[in-house]
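First the structure, then my questions, so here it is.
Chain naming follows the written order as A, B, C and D, and within any one chain the residues start at number 1.
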Amino acid sequence: MFEFFIFILLPLITSLFCSVVKNLRIQYSVSLSVSVLHLILALSVFLGYYHTNLPFFFSVDSLSKFFLLILSNVYFWVVLVSFSYLKRPVTHAAEKSKGFYFLLLNFYLAANSAAMLSNHFGMYWVAAEATTLSVAPLIYFYRNEEALEAMWKYLFLVSIGIAFAFIGILFLTLSAKGSILEGKQLFFWEFIRNAKQLNPIWLKASFIFIFVGLSTKIGIAPMHSGDVDATSNAPSPIAALMSGSLRLTALMGVLRIFEIIRPTSSYEFAKTILIIGGLLSLFVAFVFMFKVTNYKRMLAYSSVEHLGLITLGIGIGGLAFVGAMYHAIYNSIMKVILFLTAGNIHSKYKSREVSKVTSVLNRMPKTGWLFLLAFLGISGIPPFGIFFSEIKIFEGMLFSNKPALLVLTMFFLLFIFINMGKIIFFMLYKKNDNDNSEIGNEHFDFIHLTVILLLILLTTISVLSPDVIYQNIINITKDFGMNL
Amino acid sequence: MNNSLIPGNYLFISAFVIQFLAIVPLTILKNEKKAFVISNFILLIGLVLGLISTLSSKLFSFASFSSNDTLLFSNWIRLDGLGLYFLFIIQLVAIPTVIYNFSYLQHYIDQKRSIKSFVTFYIILLISTQFVVMANQAILFLVSWEVMSMSAYLGMLLEKEKEEVQKGSFYYFVASHLLVFILYIFFFLLHHQTNSWLLSDYHLTAATISLIPILFILSFVGFGIKAGFMPFHFWLPQAHPIAPTVLSAFLSGVIIKTGIYGILRTFQFLKPIPEWCGWLILVVSIFSAIFGVWYALAQHDIKRLLAYHSIENIGIIGIGIGIGFIGSANNLPVIEVLGFGGALLHTLNHAIFKSLLFLGSGVIYQNLGTRNIELMGGLVHRAKYLAILFLIGSIAISGIPPFNGFISEFIIYTGFFQTAKELKNYYPLLMLLFVVGLAFVGGLAVACFTKINSIMFLGTERKEVKHFHISVFDYISLGILALLCIVIGFYPQPFIGIVNKVISNGFVAANSPSALLNMNWLSITIIFSSILFGVIVLYFAKMQIHKRYGRRTSAAWSCGYENQSPRMQYTASSFADELNTIPKTILLYNKKVDSSKRVIPKPSSFESHSSDFVDNKIVLPGYSLLGKIISKIEFLSRTDIRYYIAFILVMIIIYSFIAFLWI
Amino acid sequence: MGNVLSILFCLSLFYVSITSRVKGYVTVLQIQGVLLSLIIVIPFIYPFSIYGIILPATLLLVKVFLIPRYINKIILDLDIRRVIDPTIQQFSFLLLVIATMVVIFVVSNILSQSTELNVIPFASGFSAIVIGIYIIMFRRKLIVHVAGFLILENGIFLFGTAVASELPMMIELGTLLDVFVVVFLMGIAINKISTTLDGFDVTALGRLKD
Amino acid sequence: MDIEILQGPIAIFVIIGIAPLFAGFINKQKAILTGRIGAPVLQPYYDLLRLFRKETINAKSSSFISQISPLINFIVIIVAAAMLPIGYWKPLISFNGDIILFAYTLGLARFFQILAAMDIGSSFEGMGASREATFALFAEPIFFFTLGSVAFISGLTSIYDIYHSIRLDNISYIVFIIICSISAFILAITECSRMPVDDPNTHLELTMIHEVMILDNSGFDLFLYLYSSYIKLFIYAILEISFFYPFSAKSYLLGIVIFIVGSIILSLTLAIVETITSRFKMKNIPQYLLFATAIGILNLLIYTFTK
């Protein structure tokens, strides 16, 4: 019960508290302490120091504790920088948003934790929808036209998507007709245990609907647009939160149904669908990297790419699945780094257009170098984790029964890398005649420190590759019935 | 003692620790200059210790050497013959560049430019490069490889505000990422076959022989991109010129050799290699060599010219490797030894003279502020010793006796002759064609290096030089390298011995034939010495004759043509014009002659320009074609949300259809 | 009884596809709310249970009173022109709707042979889902989009009753609450869009693209 | 035994000594063929002596390259000469692979020659240097297609061994050798700047290659250059003559006779060729050289596939 309190109720209470107490500093300190508590508990659950016993529709297995830790970690860093982020001068309209910021953030934490920990499809659905609702107003933080449009699109597209996911859940019920599950609750484990008895047609339908519906939230192409709009227009910490954890929350729904479908005859079908989805996402990222002129959108497409890669890895299975799980952690941290540094750039240049952002390395050397390192990291350069997870995915793909996909994937990744590099290097080095580039009078602020800490964290966990993470991922693969 | 390092691991480890420590002053000291000098000094000590440790290994002593005693640190590090040899090359070239840094980076400090990041990346580059050749674990190898590539990339950014630096470094960046993808597949396949990540475990069994061609192609393309073989070279002439000189020297001298290392390392577990692999390498290499040097001839940018020469020399090394492969395929250790021996020695030689030339050109660049050789001239009157050092490097790189370039080319030639002799039939014909190709390359190299030497150093100054300063560090670093050129040229025996030992440790299975050692090195030494001796004697004789019959200087006669001006000298463009016109379609060589034939002529001008074929006809058009195709894909970039909602429905229908097909 | 109500539901769908007034949508939403409440309340009338009445009552409250009123308020506040502007002719739209419904009913019938399921509510619900999407796809007004979304939600609800899913009360209420909040947020957004972007059409939303 | 050791040094002295005579001989024959009396046969010696005694003048713009280049040229040419056989006399330098050393030492000479020409900073010398670099490049393959192809066929890599491996027992091999010797003749013409590639008689034409490179040399420097060019001419003559050593049937004496007779016949041939042909256009020279290379390739092809 204690963990239920910490994970779900406490953030809810804090959320209420934030609606009452209007002092931003107090809100910040309370939220930060909640996030620390959350992180500590998530970590101890993950490490097995704390044995959980959650009530109602909640329980913990290897997958949920893994994703919960990712969420908790990302959330902690986002909250950590939030205050210094909020201190920055914004427009008068956006000033009003600050009051809601921590309220919604805490609500988000509660909803997302609930989604991660739920063991019931209905509960999962409600919580996942609640995360959308908590994030949507945050997208509108700046209260300008773009933000409004992005919020509308995100809200609308994701709501419809998630409604489709609900249809998928109903199909799942339908598939249980005539089995011993009929009339029972929609608990994950019940379904997993009795998956073989489910009606394959409805199961497939359920998978399709849940996957397509949640795709809007994960950002799987071609349902990615709402996500891209939202992440590119949200304030950077929120964008980081969305890329780092919200997408994974949605992915978890897909993973659950995938886990159910695994022992049945539809397994291969589900894998194919996941592979198609992943490849489509890579393709979309590949296409848009040629066109994109807005660096935050570029990062959003990078998220599409990486979630696509994770989906692809899951679809391939085996070693690629392990790689995908690693990718989930590394990508989440990397995205926080990227969005935070991009946010720094944005607050200096006041523009998201690449053409207006020039010679970043001269004008803000610290941010510039960190941004460069982050780019290297996200494109799979060691020692930043993505390298290690990518090679696992690649290896898995090479020795799956579809090695040709590897060539396609590498082709996409290479051109994504080239075009992303072009944009980022343009920003970093290009010298504009107009700017009187005063060299390096950027002082070291809190966000730099955070980013450096994150880079160190990422490098440490990717180089040392703690056995506990590996063991947990192995447990997940065992849950998914894969032998390595 | 089962360790290839005779003094044990401590010296070895401490060398690396000290090299790492060199980063510390950069992070804690505020003063740029102080931090840099201290750090560079520590780095130098670390490298010297490393070199001592390498030199005291069994490879460089009389101790016998078996491949069993090469694994260290739970098999993650392997110091076998090949690894130690490349380690030696790396450290040997790194030391002069680090010495050179003392004076070179001073210029940047004077310009108030921050060099801390550059020095940091340079240190990381040096360390990671050493790890590349020592790594015995595939992941460690890949990580060091990537760190090496990326630190080199980051180092290139020292003058990042320049357009050409942005472009060139980007080429490098993309190429190094591209090749890593190929290496991934390569190592995955090996891992899958042997179930091990250790390079030393990679022995293919009979069942997996069918994989050898695939593995070979992967390795050749992957490592070939790094090495800069001709169709894959497009990044090299873009990237090397724009890097800071020390870095270009190290890139051209050492980093591209890691590609060669990779190919040679790969060969160790790709046995039996099919013969066509050798032919493939030979053809690609001769192509690289000829066109590398031909492109070089058409360049006016000294560093780009040298970069193209790297392609040429990689081609020559590749020729050696190709012969070695053919020897291996035909089970003829004699040929194998000659081929690999030539390749390995040329790798060392090229590392030496290429860094010598790059560092020399860096000195000129620092003083004149330009890399365009058309604006130089008469520098011999300013810097005689620099001219001599540069000349030594030039003669060496052209493969002309009496310096080291000749020695390795000589081995490769002998390899050709030997192949023709051992494998009768049609081999003599084919081998002769390659020999002629190689001789042609030599001729082009002579044309090219006479061009640069004469345009840069000889004649009169085309552009006024205010002052020309060369520091003592420049002389030390260039001197070390030039001395090595001379030593290997005049007295190659010890180096031949080392190369032979490398080959017998891991290349040729049975007791290796001493084909390399049996060549007439003594005659070569004697002949070279007698040439030197003869020239010296004749020089003194000449002095005496001048004393007797007189000698004076006067304005050049030039058929009585008076009022010569520096601008009337032969230029680099005109020197090479005739040669470049011949393959102008491949060199994309175009001239712009603007001369008026009126009664009172206007000023006329002549320009020539060459651009890279692969880059301009394949890579860039390919990329823009892709971009064009992509821009046709409009349906994805709609602003209207209704389309995306329609996509949900469409995807559900498509997926349902797939599901329907599944039944 | 459920089947009759489902058919009435289908009729409301026909109405919604030919009406050209925004008000018509609100009316249809209210009717559908009532129908849905009736459908779920039937099993609890006899024997009567208070517990079973909670959900239908909430549903009635949310779908018949709160949401339609809220939408009406927006329509009045913003003075949205009463006429919807469709992108295709009403006639073709109706044809499309009919064709879709026929396909759905036929497919459901085929599917019902392998599984025991209640064809009429199932197909009606599914039709509502698809027609909701159609409404969004072929109409420009944002408020109509919201209405389309609500029709889709209603369809899901009906569909849920057809497959007899046993969701716990708490979760059912949660879903209702979620839907309500979504609509609430959408309303706010439409308000903002009409003031800041000067329009209540999708065409006003064209800034974000690549 | 003692004589064998002495063979090498003696051969070099013979080559160095006779070389100007050979050049004088050609000139004399040319003069006779064109109906002039011509300079005496020993004229090259007189020229050399005259130059030796003259004051040396260096251009102001020249550097140390101009000082050492003639020396290197001279020494290197002598070293190259030391690898050549005279009859059955073993040359001073003879080891496996000396054919490569031979080609590359001449390369060294050329390298410095070009540098020395460019050292003056005059456009005349520049032009000559550029042409020298270009044509030498195309001449290089010819060398390998003549001597080199024999080497590849025989599997030997020492010039002495290569020439003495030639056997006259196989008709296709004889044809092969004859064509090789024709190629070698073209090579000699090119490398020694004779007609139709270059005209050794004129100085002041823009059509010059070799002569224009040494325009600004005088005195002892010019002496060295001139002497090296005489030796070079003779070296290539020997390369050509040596194809006929097999007729000597391994007799020392007959070998020397062939050497002498061959020299005379070759000088006559050169004189005739120079009399009856005119210079090619500059831009046609690479084609001409490529033609010679093509002969070499074709020759080797035919030989390889008719065996």
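In the analysis below, a residue touches a chain if its C-beta (ideal position, glycine included) is under 8 Å from a C-beta of that chain, and two chains touch if they have at least 3 such contacts.
These numbers were taken from a predicted model, which means no experiment stands behind them.
> Listed by label, which chains are in contact with chain B and with chain C?
Touches both chain B and chain C: A.
> Could you give the separation in Å between the centres of chain A and chain B, each centre being the mean of its C-alpha atoms?
Those two chain centres are 43 Å apart.
> Report the inter-centroid distance (CA atoms only) between chain A and chain C in whole Å.
Between these chains, centre-to-centre, one finds 31 Å.
> Cα centroid separation between chain A and chain D, in whole Å?
Their C-alpha centroids are separated by 78 Å.
> Suppose each chain is reduced to the average of its Cα coordinates; what separation in Å results between chain C and chain D?
Those two chain centres are 100 Å apart.
> Specify, in ascending order, the residues of chain C that touch 2 or more different other chains.
133, 136, 205, 207-208, 210, in rising order.
> Can you list the chain D residues in contact with two or more other chains?
As it turns out, chain D has no residue touching two or more other chains.
> Where in chain A do residues touch two or more of the other chains?
152-153, 156, 160, 288, 291, in rising order.
> Pairs of chains that touch, anyone?
Taking the chains two at a time, the touching pairs are A-B, A-C, B-C, B-D.
> Would you mind writing out the residues of chain A in touch with chain C in their complex?
Listed in rising order, the residues are 57, 120, 122-123, 125-126, 129-130, 132-133, 136-137, 140, 144-146, 148-153, 155-156, 159-160, 163, 166-167, 169-171, 173-174, 177-178, 183-186, 199, 201-202, 229, 232-233, 288, 291-294, 297.
> Looking at the complex, which residues from chain B come into contact with chain C?
Of all residues in chain B, those touching chain C are 637-642, 645-646, 648-649.
> Provide the residue numbers of chain A that touch chain B in the complex, in ascending order.
Going through chain A, the ones touching chain B are 152-153, 156-157, 160-161, 164, 204-205, 208-209, 211-213, 215-216, 222-223, 225-226, 266, 268-269, 272-273, 276, 284, 286-288, 290-291, 359, 361-362, 365, 369, 372, 376, 379-383, 387-388, 391, 394-395, 398-399, 406, 410, 413-415, 417-418, 421-422, 425, 428-431, 440.
> Over in the complex, which chain C residues touch chain A? Could you list them?
Touching chain A from chain C are residues 111, 114-117, 129, 133, 136, 142, 145, 149, 152-153, 156, 159-160, 163-168, 171-172, 174-175, 178, 181-182, 185-186, 189, 192-193, 196-197, 205, 207-208, 210.
> Along chain B, where are the residues that touch chain A in the complex?
Per the stated touch rule, the residues are 114, 117, 139, 142-143, 146-147, 150, 154, 157, 160-161, 165-166, 169-170, 173-174, 177-178, 181, 184-185, 188-189, 191-192, 623, 626-627, 630-631, 633, 636-637, 641, 644-645, 647-648, 650-652, 655-656, 658-659, 662.
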